[in-house]
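The structure under discussion appears below in the form of structure tokens.
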């Protein structure tokens, strides 16, 4: 699985978000690879209605429907068409008890959770909360263009081993610094089952071409 | 002006948000009163595209377009069709320096700001940051059904006086516990120029009828 | 082990903190039971200098010595005489990655860590971060006078089992609602190795007498 | 007034805090200038008992005495011997409503408040909350060695003018980048009535000599 985090980049907002989702859909079908997109909250319904790709939120709050203002309830993103959510991204870290609460809330709504961890040890900790996926991203490599699979391969192998020991059903994604198909291949060889990528696609001159490169290495 | 905060209520989410926005549009036109709506973030584009009412976000973050995840940039809500944002609601309080930053960011994008204050003194403080509107809401009355104009009229008169002394261009809205047209009339008599309302409309059996009652007292 | 959280109660501040620490020291020696105290930060040096009891901080921040204002560095509490710290108390919850950072910082300073968890699952998660102790406290029972060992015995047995499976060296403390010696006995029978208590001692008419009752049941 | 923020520097912790407070006391008496110190929380009682200088906390929380863990109540620092507190330092920013609450809490305990502001506009806003002092510090100059009185003199003159217009009783301190007596003199010429300093003293090779230089320019 390739999960593209659109972040709050200008290049992946509104109409450009829709165009990028179209590229994801196209390449995904071509290669038979699952490519999901995580646009900004206001862009979720646009993409969910017009494109046939899995749409993730970038974050959800634990708040229930009710008297809360400015929060992103899991219910609101489900109704908007999302099928999952990134949780605890390094740019949006959360309290341990709140992550448990959000994973539980999402589970009851059948919203797939991809929880992020900065280290293999935090990955192991969060595995106890039983999300569907854990994406391990050393924060210092995010947006660096230096692939975690090259710079810190042991972070991936350790994470895979430690997370599986807690709960073998959890899929481990590899994130941070992935820009080329060979980074994807390396991540898979090290035991991860997918990647979480942002600037590597969003900021690419030709995102569709890079996605195709990723997908090709994912399929092998 | 009547600003309806949809909060994260089930009754004002997705399709129900659109229906409520339609009622706001209809009553607003009938009575020549400006009625704005503040739906959840994912519902902004739906309403902005389909209804001709001013749409506010319930909150925006100060983050710039760029490498941020799960934040609501002012740019994203502008592109989604919003013309303003509630800021610092009692259910989403912010740091003083961050409010200044957000008001500045919104100003440069011509996004109207309605900053909330819990007391007249905080209202006076926030007036120094020059938002377009300040909504004064004693938190203990929110959702209480007890109108601030009855329970604490001095909060409104003090706020109007203190905020105008700092910056006479700022419009003062009155919030908390407003459920009837006469509450609206009282708020205007005390010097405010509009109301911020949530459960009084959203949780009403017949929201359109209550809105009509509000609008009638607003027009007088 | 009995760890008394003095919280910010008036009854356990300043001079009263010192008196309570004296009672803890006295009863601890009488019964040969380890009784530690966690006073407010400003009271740490007073107690550490004058009484021979283990002193814990109620919280430490991850910040390093340097250009930070208003934070509690682990170094400062070590120099003040503390030998450990409560971390992530339900009244002072922390981010998952920050808990890892603090536990690591404390470890390098030989400061004992007692990390709190609200559920057995969060307890299991935090066990991956290898603190010396985990105190499991269902927040709804804190200060209730209803002992967790009676109301929710499965929270303790589950926690003990799940935490030991991750790391058998971690000592599990039982917290929330403990007011009598028999609550202590029940907590030990269910597999925990100590208790975390606050109002049960601090707010007691005769704290020393209650401590004696606790210690007697701890010793058996 | 000279207020020395000890921050969490190693050089101003524990015994070194006491030594620095002694220097402040000595120079203050010599020159007849009020020099206050703001040590780390655990060091407040040590200094308050042994030295005759005004002691400030670096931060206090709004929490009341009671069931709170790890918070710094105003009551605890009063009992420990502090006579005031820094609030909302740029390294410890607070919500607007919380600043109002803390200033009120401190006022009722006769604890002097020095509220920090990053800009003249935020300074004006916080003036509405009536603290005794407002320290204006452009965060980018903190620890820079570049004096605000040289780099951005208009920040001081604007702040003094805007804050006085709201409440002429508030004393305006000037902070950030002050390392020499002439920086102090410049700050006073621009209308401020004192300075907030940290690394300029704490990290100096001979803090007492620098303090003497400051005091001399303060007296003139």
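What to note about this one:
Just so it is clear, A, B, C and D label the chains in written order, and each chain counts residues from 1 on its own.
Going forward, a contact is a pair of C-beta atoms (placed from the backbone, for glycine too) under 8 Å apart; a residue touches a chain by one contact, two chains touch by 3 or more.
Note that the structure is a prediction, hence the values are computed from the model and not measured.
Separation of subunit B from subunit C in touch steps, taking the shortest path, is 2.
Taking the mean of the C-alpha atoms as each chain's centre, subunit A and subunit C sit 37 Å apart.
Remark: subunit C and subunit D have CA centroids separated by 34 Å (rounded to whole angstrom). Centre-to-centre separation of subunit A and subunit D, using mean CA positions: 44 Å.
The multi-chain contact residues of subunit D, meaning those touching 2 or more other chains, are 90.
You'll find the chains touch as A-B, A-C, B-D, C-D. Against subunit C, the residues of subunit D that register as touching in their complex are 5, 7-10, 13-14, 40-46, 57-59, 63-73, 75-77, 79-80, 86, 89-92, 142-143, 198-199.
Contact residues on subunit D toward subunit B in their complex (touch as defined above): 88, 90, 93-100, 117-119, 121-122, 124-129, 162, 166.
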